[in-house]
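The data blocks that follow each hold one structure.
Both complexes below contain chain A, partnered by chain B and then by chain C.
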Partner chain A sequence: MKCKKCGGKASVNMRQHRMALCKEHFIEWIPEQTERFIKKYNMFTREEKVLVAVSGGKDSLALWDILTRLGYKADGLYLGLGIDGGVNYSDESHRLTAEFAEKNGLTLHTVNIEKEYGYSIPVLSDISYRGHGKPCSVCGLAKRHEMNRIARDLGYDVLATGHNLDDEAAVLFGNTLQWSSDYLLRQRPVLPEKDGLARKVKPLCRFYEREMTAYSIARGIEYIYDECPFADGATQVFYKETLNQLENTRPGIKLTFYLRFLDARQSGNLFIEKDAVQAHIHPCAKCGQPTSAPDLCSFCRMIEKANTTTG
Partner chain B sequence: MKCKKCGGKASVNMRQHRMALCKEHFIEWIPEQTERFIKKYNMFTREEKVLVAVSGGKDSLALWDILTRLGYKADGLYLGLGIDGGVNYSDESHRLTAEFAEKNGLTLHTVNIEKEYGYSIPVLSDISYRGHGKPCSVCGLAKRHEMNRIARDLGYDVLATGHNLDDEAAVLFGNTLQWSSDYLLRQRPVLPEKDGLARKVKPLCRFYEREMTAYSIARGIEYIYDECPFADGATQVFYKETLNQLENTRPGIKLTFYLRFLDARQSGNLFIEKDAVQAHIHPCAKCGQPTSAPDLCSFCRMIEKANTTTG
Partner chain C sequence: MPVKLILRTNEYEVKAGMALLDALKKCNIIPESVIATREGELITEDEILKDGEVIKLVAVISGG
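After this line comes the complex of A and B, so read on.
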């Protein structure tokens, strides 16, 4: 297979685009496309301060790398979750993130949930669910809370996450199988700033996971290979596998599924567009972040409950 | 496994309902449920004349059997499509349909497309697409046209088809993967009478295909086992297989997917409900059926074109 740009030996074949590229042209093409998506979805400008949520995985490090190469003001935020999993998952992912920042002369903010609040994510989940269930929902809640807090406290305009097409398509697929109106109507590449929460963007939402892997390897980015030890057997993984099977038979179906969903929303021909019910949004009594709960936000309520349970 | 009703040996296990039944209770349960669906979706009353589209397959013969047992006025319509496929598919399916009608003392109308218009479905497809592609779209067009025509000419109130949950879920799945607004907003268990077209209903839309197989066998219905020879490799079959894989891991996901879609539509919380653009609906100059095309309806245009090509 030959590179579409130079005719040399291709190293990445993208069947959904009927296009193959050599290593050099592939690592140029990815930022060009990212720039196109940033503009298309009005994600942010070069004047705005971007905070990239970095986990040490391929997607978020690749995102940070791409934004930096494109000349955006992008700092990193690493959240220490205290997840062990035999390989010292959190320690290792922090080390790789810090090394990436240092090598590239970038600013990295690190917040350790355990140091900040007294509990690691697995411990917090064990307390909240009395040892039952996976910590994924607690982890999601804590990450959202901390990302919003740091973005606000340090004056960032935008929060960028490394979600790729496989992530977005799997979430969409799961919500579609259940026809969860609220979730379906909330999924988009840009969540505008609202009630004091920073704008949230997903600049990699149109890249396949394998493209992000190829990019990270081609750019020599050292990232943590292991998935989060809690991800195994998760519903999300099951949906990703189903979509990969569909993709194998119908190359491009994953991208079509996601893009036509965005088109259908924008066209106004399929979905209603309702503004989420805004009733009673007010600042959390403890952290000041917007919440619809009566007193404390969900995160602060969880910490409060943990303190009571263990104290 | 024990029958939920009598405690005897169960012969059908329905994991999505967490219920198993013995043969006797299963063949009582199916019509009870059908009656419930007919009422729930306001399909038809015992005073109305129902025309069941019967193909000789398990679903449509089971539907005819169920409606008859429930005391509805249901006659059959068999469309001879002229499909051979080595087993004389059309001849065999007609024989089984006619035998079923005779055995049960039911009225069967038979229309042979080739006798009526001069071309079998495969020939019509070959002419229309110059030998390329499958005859499925031509077949669908012809069946819709003829069912509507016969229902109107013979004064039936309702057209009933044997689509089961697997059929409906596969269509929904395909339309969802493409987010085809028009098709998504058209899919429902009842299409009301409109512009002189008879109401269309799918009383079996909540039964799994395997339940229909079990019912037909338990009732001793002789049906054509072979799929239509053109179905193999069709997209529909591919979607059914994907849904079956999902179902194996998550029993009930197929039913949830379909029912929540109907709920989401009814709730008004997700989809817009637009009346299809009614512009310029007028009778076809040849057959008199409603069409939005300038002169002839799609079916009559196809026949006209075939006459010109071969004549």
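After this line comes the complex of A and C, so read on.
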């Protein structure tokens, strides 16, 4: 297989684009395309301060690498979740993130959930009874809360996450299976800043997970290869595997699934949005972050419940 | 000598002279779910596997 750009030996074949590239052209093509997506979806400008949520995984480290190569002002945020799983998962992912930052001379903010609130994510999950025995929903809630808080506290214009197309397609697949119209209408590459919520962007949303893996390997980025110990059997992983089986026989089907959804959503033809008054958003009585709940936001209620339970 | 494919803790053996794509199919591995490397370098699925070599397959799915 030959590189489409130089005719040399190809390293990565992207069947959905009917294009193979050599290593050198592939690691140039990824930032070029990222720049195109940033502009297409009006994600942010070179003057704005970007906070990249980095987990130590391939996607977020690749995103930080790409934004830095493109010359954006991008700092990192690592959230210590206190997940061990017999493989020192959080410690190892923090080590890899910190090493990446140091090697590239980048600024990394680290927040440890346990030090901040008194409980690691698995403990908080046990105490709060959220998520039916799996800490994933508590983890997601805590990450959203903390990422927003820190982005605003530290004065960043935008919060960037490393969600790739497979992540987006899996969420879309799940929400379509259940016709969760509220969630479907919320899914997009950019969530604008409003009512105390920082702008959130997903610059990698059009790259396959396979491409981000190839990019990380080609760039020599050392990332945490072990899955989160709690990911085993996760619904999102099952959806990704299912979509990959479809992709295997119909190259490009994941990309089409996601892009046609964005088109339909943009055109307003997907669902008729309700004229009903939006839920009232107001500051949480404790942390001040926006919430539609009557008094405290979901996160603060969870922490209060945990504090009450543990006395 | 057979070719060894390694994916996380699993090892598979296939005959030399096969294309990587055929080897993956033979091992029931979805090509879309892995990236293959030979001595740390990325290779495409049309690559012919050589006698006695070890191909490391990197799983691409992460999540939870």
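Simple rule for what comes next: the second predicted complex is superposed on the first by the 301 of 311 C-alpha atoms of A that agree within 3 Å, B and C clash if a C-alpha of one lies under 4 Å from a C-alpha of the other, contacts with A are read in each partner's own complex, and residues count from 1 in each chain.
Just so it is clear, contacts are C-beta pairs under 8 Å (C-beta built on N, C-alpha and C of every residue); 3 or more make two chains touch, one makes a residue touch a chain.
Remember, it's a predicted structure, so these values are computed and weren't measured experimentally.
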{"item": "Which superposed partner A:Val237 touches (first chain B, second chain C, both, neither)", "value": "second"}
{"item": "First, second, both or neither for A:Thr256, with chain B first and chain C second", "value": "first"}
{"item": "Touching partner for A:Ser292 - first (chain B), second (chain C), both, neither", "value": "neither"}
{"item": "First, second, both or neither for A:Asn112, with chain B first and chain C second", "value": "neither"}
{"item": "In the superposition, chain B vs chain C on chain A residues touched", "value": "C"}
{"item": "Chain B versus chain C as contact partner of A:Trp179, first or second or both or neither", "value": "first"}
{"item": "First, second, both or neither for A:Ala264, with chain B first and chain C second", "value": "first"}
{"item": "Partner chain in contact with A:Gln245 - chain B first, chain C second, else both or neither", "value": "both"}
{"item": "Overlap of the chain B and chain C footprints on chain A, listed as residue numbers", "value": "245"}
{"item": "In the complex, chain B residues that touch chain A", "value": "176-179, 181, 184-185, 238, 242, 245-246, 249, 253, 256-257, 260-261, 263-264, 267-272, 274"}
{"item": "Residues on chain A engaged by chain C in the complex (per definition of touch)", "value": "1, 10-13, 20, 23, 57-59, 136, 166-167, 170, 209-210, 212-214, 217-218, 225, 227-228, 230-231, 234, 236-237, 240-241, 244-245, 247-248"}
{"item": "List of chain C residues in touch with chain A within their complex", "value": "30-35, 37, 40-46, 58-64"}
